[in-house]
Amino acid sequence: MSGDRRLTWYRQMVEIRLFEDKVQELFMQGRIEGTTHLCQGQEAVSVGAVSALRDDDYLTITYRGHGHALARGMSMTAAFGELMGLTSGCCRGVGGSMHLTDFSRGLIGAFAIVGAGLPVAVGAAMSSKLRGSDAAALTFFGDGATNIGTFHEALNMASVWKAPVVFVIENNLYGEYSPVRDTTPVDDLADRAKAHGMPGVVVDGQDIGAVHQAVSEALARGRAGDGPTLIEAKTYRYRGHSRTDPAKYRKPGELEQWRERDPITLLGAELAAAGLLDEAAQKALHDEVQQQVDDAADEAAQAPVITLEEVEDYVYAH
Amino acid sequence: MSGDRRLTWYRQMVEIRLFEDKVQELFMQGRIEGTTHLCQGQEAVSVGAVSALRDDDYLTITYRGHGHALARGMSMTAAFGELMGLTSGCCRGVGGSMHLTDFSRGLIGAFAIVGAGLPVAVGAAMSSKLRGSDAAALTFFGDGATNIGTFHEALNMASVWKAPVVFVIENNLYGEYSPVRDTTPVDDLADRAKAHGMPGVVVDGQDIGAVHQAVSEALARGRAGDGPTLIEAKTYRYRGHSRTDPAKYRKPGELEQWRERDPITLLGAELAAAGLLDEAAQKALHDEVQQQVDDAADEAAQAPVITLEEVEDYVYAH
Amino acid sequence: MSTRTEGAVAEPEAGTVELSYREAINAALADELASDPTTLLMGEDVATAGGVFKTNEGLSDTFGTDRIRNTPICENGFMGVALGMAVTGLRPIVEIMFSDFLPTAADAIVNELPKFRFMSGGQCEVPVTVRAIGGGTGRFGTQHSATGESWYMGLPGLKVATAGTPGSAYSVLRAAIRSNDPVIFFEHKGLYGRKGPVVRGDGGISPLGDAAVLREGSDVTIVATLLMLDRALAAAEQLAGDGIDAEVVELRWLRPFDVDSVQASLAKTKRLLIAEEQVHVAGWGASLISELTLRGWRWDNAPHVVSLPDHLLIPYSPSLEDALIPSAERIAAEARAAVGK
Amino acid sequence: MSTRTEGAVAEPEAGTVELSYREAINAALADELASDPTTLLMGEDVATAGGVFKTNEGLSDTFGTDRIRNTPICENGFMGVALGMAVTGLRPIVEIMFSDFLPTAADAIVNELPKFRFMSGGQCEVPVTVRAIGGGTGRFGTQHSATGESWYMGLPGLKVATAGTPGSAYSVLRAAIRSNDPVIFFEHKGLYGRKGPVVRGDGGISPLGDAAVLREGSDVTIVATLLMLDRALAAAEQLAGDGIDAEVVELRWLRPFDVDSVQASLAKTKRLLIAEEQVHVAGWGASLISELTLRGWRWDNAPHVVSLPDHLLIPYSPSLEDALIPSAERIAAEARAAVGK
């Protein structure tokens, strides 16, 4: 793995972390309304996986998808703008926090209905296959989504059709307020792959190199015509499920324990040890990104809101 | 296993076989309208499994449920009457061929929507558990049903709640016109149990003793509070999927091959060898049952059709 | 089998109390759970932190997690579980976190719950109550803002109810839970903080099916549900200032459909205004106008409708959401147009 | 991305031919599949034995099983797959074997297909055509007899179409497949054997959204869809015998909703009869009456409706099914009542 790539990863993870912190701040100030689902702590999954994609690959994400959209190259301004409901947003403020979408980057959908994105990713993968392209599709979803029918329906179809798609479970130990063990009777969600005749891979979601490696292999497998792969990345969300959830349902000490394996700290230590980015440089980078985040939020906020006349064109293509 | 029980099984299987043959005949004559889904060849599954149930256990079946209803003790007259749409039917002719239901026997539903019966059986099992009873539930469905979301949703809930329910897949190798291998990427459907942390058992669906044994153990497990079991019975349907389907999609010789392992013939040979029922006695029994079938059909046909006024009471309980 | 089982627990004292819409739902649940040990509440995170909208505060402590049961995320699956429970002696109440998720459970809602008793030839009863939490103004975006109230009103075998005030929330929800048929009860998440008088206790249970005249008036009949009912009442206050006397009818039940009450009001006011937080086509408002017409009403004064536009969806954009969901002012303005003032 | 891709294959010769409703569907599919290589048909057993209702006879031989694709049993799943294909360059046609299974796919139908373009801020088009096969008279019982035609007409972003004759089946289905928006096209399984004239070829494609006057008349306007349209035409013949001149309007599109055509006919006949194989409440008939009323129509002659009863479901019992589904005779009788003869 080249040092450069890890430096890019490091920066992207910091960007996502500080972006999400800013979102929380703006939400508390009422400058972002409705709801937010943040991904602090899970940055290695989005950045590690998305960096394995080709530009022509397809991607679907969920309501907890800010980090994934940024990892795919969406500008912070477009993301902030969307969350603020302004025309500076990637969907011009129509979609909001749960629907960051960018077809120009193959980010074909962000789903607010649990499980709904999986069949869509299978469809994109099959479309690519039928059109003779070797572009693949990757879909992110959570541990809780593995209990809804569409998860299994999507894996089953992908497997019988050998669709070039990679299913990535971000197992952050909770589906909303419910610990996985209360809703799901298996230890490793990756084991569910066997029910659909495909490989299931468990990966440390805090280790970005491991995530990148696993996803790269799965994508290669899909492009080669060998079908889909299910990857379970074990990770953790530092924030509550959404909005102002205090997450009282956590086990005592659990959060602190996970913070000790913070993905940014882990990669930072690796980079420092490799002499690629020392503590001072990391600190400087954080400050720089913080500035970038604040500027992006300010810039996004300048845009006007869309008019009713404009959104009318978004209902039907005709 | 006592000889008596096997004699009962033998008779029940013959009853089902000849009942279904008669249904086909009546359908061709237009005395049964709409559609029929017959189960000739699968008799060992319904009789073997249902005979393991207690009177207070719950049962759900599908549109292909005539044999299962008879095995549970429904009279042929009530079954024929339902198929003919007359008040002699178990649902007074309102349900029809796909909905043989008999609450007096714990047969709480026959489902025409693939997969829909599974969660209902889980609900009945949980109801029994919450009410402090040790009655269990058993639900029959087909191989094709293991591809729809509700199958997985039901298994998942049953497992996390340790519901006393037994899931019985009748794998007759086809979902409508599609061979299992075209729609399902696993060899043994019972393997899907692993995705839900429960035991999966493969059983020879033509061997009634084996079916009975497997289901008995699963029921005991459920009553003991150890949760659900998924059982896959490998079997075959002699007739097409429904109505007049000629089943041209079969592999050549496949039907003949399966007929060599006909469940009635197999048990008949066992009974003859054990000196419990020789060929002559079997022939006599067939003739007797044929008479019983013809009489039941005639008797059922005598009943009037229900009036609109009467069915109005069936819409709302108020 | 599913006839109600009176529990040992004594009924709470009757009497009028001031409760929020959220507290009224909570009280209705608590009182029914206490009065009948066969009732239970299930859904996603219903037992944790009082539920996502805090309507279930304290219930799991009082009734335990067997009866206040968290489910995995699988609406169609646990709706089917509720059906299985209902036909075997229990009376489940199912919480659907957002009405937008009802379609996820639509097979159970359309093909099973309303048809189960019928197809069996009347062998069973299906006492399932579905609590669906819907509605806009929360900036939840296109997939989390539907009221869903009219989606299932065309299904014989089902009953459909709504509540627009704390008082109706308590009385209608209790009536729904006591029904031996499947009922979908619609709540509006924009109303949870709204306070109002509630007649608590068995005396507060309203007759199943009845609409309610929440404000008497002689100039125009405003028919509404959920948040629109709340805003119609506010509009009526504004109109009173202009000397317009509006009657406000809450359509608490869409199935059975209480056309009689509306017709009676209309006979008095001669003018109809429908306020609905949904597209008018295929909704209860259109059905109401049709039913009245079929009964021979001549519309010498054409009816007026305030609703969501037929050619748009609800966007996240807060200012646009506000522009689309009818306000009290818009309702009042349309009422003025209806009376020609 | 999803604009149509003209294929190498030449368009079939235009010209009027006599086809069955089933053959007309087959021809529409064949002609669209031939004209655009990005189209494909998917669903349960669509490629085997010509499909369960034999509408796809020969298609898999001509276009191969990549484009005529059998799916596992998972309606919501493959509806989502179709969505993914549609936003990445293909134009899928999805067959739903019975309209009753649409609720199984309702999340995709209600929350995804109609909203996908909107939520993205207009970044994509969603050219998905859903063929839903519904309707009664087949003795298929309570869970296999719904027309479902009005279930989704209240969803902005979606288009809803129906066909009651071979001619409309061909022309409307082709128009639906060419739409760059999601369309649910409803077929009636009781009509597959019915024969009629079809204008085959591009010239036979009817404008999207238009209702069609299939029989001109001056005494009463009968509006119908699917099987009821077929029976309304038969009723009109009976009425002609009695000197009653009925105009028959086929409401081929429910969304967009062609109220103009009905109003134009009504302006001429002054009398309206709606024939629908569904409960009237929440259906297109109720919406039609409401829309006309809102446009100021006074109903000096109250509208008449023939529909399924509001308090019953379709039973298997053949004689009861026949009693419930409106016959040509019932439609004719109601028309006589409407004109007062």
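We call the chains A, B, C and D, going by the order they appear; numbering starts again at 1 in every chain.
Just so we're on the same page, contacts are C-beta pairs under 8 Å (C-beta built on N, C-alpha and C of every residue); 3 or more make two chains touch, one makes a residue touch a chain.
The structure presented is a predicted model; accordingly, all values stated were derived computationally and were not measured.
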Set of chains adjacent to subunit B and to subunit C: A, D
Third chains touching both subunit D and subunit B: A, C
Result of counting contacting C-beta pairs for A-C and A-D, higher pair: A-D
Distance between the centres, which are taken as Cα means, of subunit D and subunit C, whole angstrom: 32
Centroid spacing, where centroids are CA-atom means, of subunit A and subunit D in whole angstrom: 40
Whole-Å gap separating subunit A and subunit C, where each centre is the average of the chain's CA atoms: 36
Computed distance of Cα centres, subunit B from subunit A, in Å: 45
Of all residues in subunit D, the ones touching two or more other chains: 71-72, 74, 76-77, 100-101, 104, 107, 111, 118-119, 141-143, 156-157, 311-313, 315
Junction residues of subunit A - those touching two or more other chains: 93-95, 99, 113, 147-150, 153, 156, 160, 182-184, 311, 315-316
Contact footprint of subunit A on subunit B as seen in their complex: 147-153, 156, 159-160, 182-186, 191-192, 194-198
Of subunit A, residues touching subunit D in the complex: 58, 89-95, 99, 101-103, 108-109, 113, 116, 118-128, 130-131, 137, 149-150, 153-154, 156-157, 160, 311, 313-318
In the complex, subunit C residues that touch subunit A: 44-45, 48-49, 52, 70-77, 100-101, 104, 138-144, 311-313, 315-320, 323-324
Touching residues (chain side subunit D, partner subunit A) in the complex: 1-2, 38, 40, 66-67, 71-72, 74, 76-90, 92, 107-108, 111-112, 116-127, 156-157, 159, 180-181
Subunit C to subunit D touching residues, read off their complex: 100-101, 103-104, 106-107, 109-111, 114-115, 118-119, 141-143, 150-151, 153-157, 255, 257, 278-287, 289-291, 293-294, 296-300, 302-303, 305, 309-313, 315
